[in-house]
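Below: a set of structures, written as structure tokens.
One chain, chain A, links the two complexes that follow: it is found with chain B in the first and with chain C in the second.
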Partner chain A sequence: MTTVTTVTTVSTVSTAAATRTTAPLGRLAAAEVRWVLRRPRTLVLLVLLGLIPVALGVGIALTGGPGGGDGDGDGPGLVAAVAGNGLVLPIAALGLALTLLLPLTVSTAAADALAGESAHGTLRGLLLAPVGRGRLVVMKAVGVVAVAVLAVAVVAVVGVITGMVVVGGPSGTLITLSGTTLGLGEALGRVALVAGWTVVQLLAVAAVALAVSAFTEHPLVVLAAVLGGLIVFGVLAAVPSLEWLQPLLLTSGWAAGADALRDPLPLDGLASSSLRALVYLVLGVAVTVWRMRRRDG
Partner chain B sequence: MTAATSTPPTEAAASRPDAVAARVRGLRKTFGSTVAIDDVDLDVPAGAVLGMLGPNGSGKTTLIRMLLGLTRPTAGTVELLGHGGDDLAAALPDVGALVEGPGFHPFLSGRDNLLRCAAAEPRLDGDLRAPVDAALERVGLADAARRRYRGYSLGMKQRLGLAAALLVPRRLVVLDEPTNGLDPAGTRDVRRVVADLRDAGATVLLSSHLLAEVEAVCTHVAVLQTGTLLVSGELRALLDADAGGLVVSTPDVDDAILALREAGAPSYRAEGGVAVPPGSLEAPEIVAALVGAGVAVWEVHRRRAHLEELFARLTEEDA
Partner chain C sequence: MGRRSWVGAGIGAALVAAVGVGLVVAPAGAAAAPPLPPVSPEDLVSSVMTAQRGPFAGEVEVDNALGLPAVPGVPQLANGTSTIRVWSGGEDRGRVAIPSAEGERTLVSDGTTRWAYDSRDRTATRSPAGDRQGPPEGQGQQDPTAAATQAIATLRQTSTVAVDGTAEVAGRAAYQLVLTPQPTERTLLREVRVAVDAETRLPLQLTVLAQGAAEPALQVGFSELTYGPQDPALFTFTPPPGTTVRDAQEQDRPDGQQDRPEGERRTVGDGWDTVIVGRAPTAEGGGQQQRPEGAPDLSALGQPVSGPWGTGRVITTAVATVIVTDDGRIAAGAVPQQVLTEALAQ
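Presenting the complex of A and B:
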């Protein structure tokens, strides 16, 4: 008779829920993605990313229209190649965004995922629910991956649309840097290839950012560490006597995106830079898991 | 320094009189050279409302954080609802907690914040909106539920934190300074919530620096100072042990003092009558002596110690 109180309260939920010790992973991941996408800064960054191909396209259309754009002197070669060749635009925009805004976007997501949650006191709530520490990393990784994929998709899709509408080109075809012409289908395939490759590179950045995020409760530390790290990589890569370092630097393979504009498609640059990114990814995830298993909530 | 496991007050707990909701043994936590918690043994009897008292920085929050597995102890063991060691997290679905203030995201509404908490609750299934709305109603936040957390007052934030702890029926609820920033109505609401939890058979662990608050709602107390547990046990027993003698209300003060002196009990004039310090005669003998001497006795009561005096005595003794 005396255990009645406990029994009745528990019986208000289903039997599966009454015995399990952690919430279903799908529900956690869905809640995480919803949270990430409602965060104002995520939306602002996505809008800014969408503006990159638009600004690039409008700029090219205004200064060097078809026929008039040799574009030499200012601007990288890739951007110059966009003139009169609209489907190059998404690839050029992805390359441009990868230098700063895309890493910033995923670093922000990673910074908020652990350091930001800790600063708000909400990490404690998740650990007390309880979301197991391993699951917490999975849940957070899902949110960061969602941001990375979405960010690249925004640049690629807006880039394709802007390229076709504003810049235009030889009727839905792409002229490669090698001078050959690709049909619309193959051109879009090349854009998708670069987008996928960019996501892989970004996930490497995100994994490192998440690892830093696991150690601090100051989101700014994460941003400073990751963006500072990228700048240091850039400086190291520019020093000729440190050439032996090149294979270790994540950023040294980032020029490989332009390979997608060559014909036939050279894959070794894309493959080696993806492999390097995977090493960073594994290291970042391993450190994150190791740290989160020990971290105070 | 060990806790008195006395008869728990509620029915649910009475079925398992030896049951403890939480138990720590030899618990110790150091941060560098600072000792935050020093060799604490504490039992929280099932069904009890235990008030944890202590000055700022006495280690209340550190102890609670270790109890919930948020901080690893330097030494010692923690057991929560029968789960301990690496299995401690298995107790957490049945534990609601408000620790170190409410933690929520400012850009979401109170309700959306709670929905996010609800998604992580193992005990919830299906539609999460019903339990969320019920919890909001329970803490009096239904009207402000759709406003952004950013705009909440301190008291509203605290209420939302309480709602998160109450999303699911709990067996143990841990509230760290729950009345922080609350107005008198809010304080009353917290008191009501704690009483409801106790009536439902839940165990409540409450830390506070408001002694009146603890005295009003708690059945047990534990007093911490500089990381050491000074005393713990049933509140009434502790207060009785600390109580003074008898207070006799009578108009015939002089006759009463005289009669008591003849009976062998020293007494002195007090407001409305005489006071008899403890240690001489028992209460029935005192009443018999007075009535035998023809002294009019309106009322005799034992002078109740207040938690405040007890607390002051304990914390000043050791200071």
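Presenting the complex of A and C:
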């Protein structure tokens, strides 16, 4: 109770003197992003993410591609469609990475943002500083969003380059699953669509991770909760009698990324899974804000 | 305190919004029956038979509880719910997309040639459109308008036809046409229900109910439907680079020896208790259909049976019985086992 009143007074004071004491948001955001990107673990994870499309592309190029065989169950998801069709590589790689490595990357960032600061004892200083709690959450979220966007961009860009250089394809075109051929521009548009959709899904994971992060001072708890949650979602989705749960599970829409390879483009799956991600995003942000307004240290 | 309650209200509003969106994401429930002028069953049936199939685009939902073995690449045949996308340009032109997690099967008919493209092994199979024997498997199930019209045509002579109220299918008001087998028909089916669009008289949904089961054994119907002209590019198909193109006739005789199976196919009985007797597809031949190489080995399924017609194995599903004899004959129908054995003995 006392904390809340103190915070109220403090923030009133800061608003009164806002003209001189508030740092520009852009500078704060840049500082936070620089701070996040200087962590070795973020860099290691980004490099690992960049290796996924390279490994996929080189593997497929060396073996002549799984599509050359009988075509039955040659690999997870869309990997079979990559052979001789390089622009599918970024989409297949994003789909593979979305299952675990991308959520791991964003939840690491989210765990460091609040729980990590708390573990180092530095969150207390931030909370005592004459900064609105909302502003603090926004700045921390900016860092997490930056990691999510960067991670997806790394996979997509490395995927496109590897796809075009290593795997190759029919002269810069993309063969859809429906047997039609898309030009380079439209193909890149499809890759961008999947990348944007993946960012939205990741932000939902990140919002939930931030909410967990706001409640604990152990970063590992955040990682365990988020990755454990994803695995539990996968188990729940595999139980036939729990089919009614499917619309509630974030992961059940994650197969929709492959829809970008169908022609004409079906937007239903992408739209409904994005809507579901937004629900998780709103809930996660609401819980984070609610908790951070009350947090002591 | 004012600030605190403001925050509480904000979070409450966010939660309400989230739950609201969650309800939007969740599939909508059944709609109420729309009021429609009464129509006699005879008028409804004849209007369905003469309805013009104009261009449309739609999504077809298949809810399958037939109990068939899973066929790779066609998840729609196994139990469960799946979605198929259908475009029709009228005049025998159409496109069907059958998505699966790893790829897609695409069927395109431009009026003169039918193409079947499988993205998993990148093969395109070509057959002339006039060839009625060559549709890829399950095509009858994919376009509910064609499947339901054919079901009505086949069954109307041996059925009691009634109109059982109205329903809303894919946002369209529809009459529920119910075909019940006459008491003399020996069949496993209880009834077939067809939802007919009140305006265009196109069948929108086909529901098959088996004896002694409350849930439908098969429901095929539009979940989304828009009438109107379609992009003509949808109804052309050019095999993309790297595709193996085959002709359907070649596939029928891979070694140049195998007879066309339909030459030996005959039907016994009519209406609901029709039995189809033919030759079982041989394992190495690929069969009369474009069956994937991983097709189920029929000899390992079912219960052994024997009778004056020989010995074989019987496979029973919710709505059909199949007997595969040891000498390669196959008899199938939506009938009890006894009707099959009588047909085999003929």
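The rule we apply is simple: the second predicted complex is superposed on the first by the 262 of 297 C-alpha atoms of A that agree within 3 Å, B and C clash if a C-alpha of one lies under 4 Å from a C-alpha of the other, contacts with A are read in each partner's own complex, and residues count from 1 in each chain.
Heads up, the rule we're going with is that a contact is a pair of C-beta atoms (placed from the backbone, for glycine too) under 8 Å apart; a residue touches a chain by one contact, two chains touch by 3 or more.
Here the structure is a predicted model, which means the values were calculated and not measured.
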Next item on the list: Applying the touch criterion given at the start, work out whether A:Ala129 contacts chain B, chain C, both or neither, answering first, second, both or neither.
Entry: first
Notebook entry, point to check: Which partner does A:Leu177 reach: the first (chain B), the second (chain C), both, or neither?
Noted result: second
Notebook entry, point to check: Touch check for A:Gly185: first (chain B), second (chain C), both, or neither?
Noted result: neither
Note to self: Just to be sure I read the superposition right, which of the two partners does A:Gly26 touch: chain B = first, chain C = second, or both, or neither?
What the structure shows: neither
Next item on the list: Determine, under the contact definition given at the top, whether A:Val279 touches first (chain B), second (chain C), both, or neither.
Entry: second
Notebook entry, point to check: After lining up the shared chain so the two structures overlap, which partner does A:His120 touch, if you call chain B first and chain C second: first, second, both or neither?
Noted result: first
Next item on the list: Give one of first, second, both or neither to describe whether A:Trp290 is in contact with chain B, with chain C, with both, or with none.
Entry: second
Next item on the list: Using the superposition described at the top, list the residues of chain A that contact chain B and also contact chain C.
Entry: 4
Note to self: Looking at the complex, which residues from chain C come into contact with chain A?
What the structure shows: 3-4, 7, 10-11, 14-15, 17-18, 21-22, 24-27, 59, 72-73, 85, 97, 99, 101-104, 106, 108, 115, 117-122, 124, 231, 234, 237-243, 292-294
Checklist line | Residues of chain B touching chain A in the complex | finding: 11-12, 14-15, 65, 68-72, 89-90, 92-93, 95, 97, 99-108, 112, 115-117, 119-126, 164, 168-169, 171, 200-201
Check: Okay, in this complex, where on chain A does chain B touch?
Finding: 2-6, 9-10, 12-14, 16-18, 20-23, 27-28, 30-31, 34-35, 38-40, 120-132, 294, 296-297
Checklist line | Touching residues (chain side chain A, partner chain C) in the complex | finding: 4, 8, 67, 70-74, 77-78, 80-81, 84-85, 170, 175-181, 247-248, 255, 258-259, 262, 264, 266, 268, 272, 275-276, 278-279, 282-283, 285-286, 289-290, 293
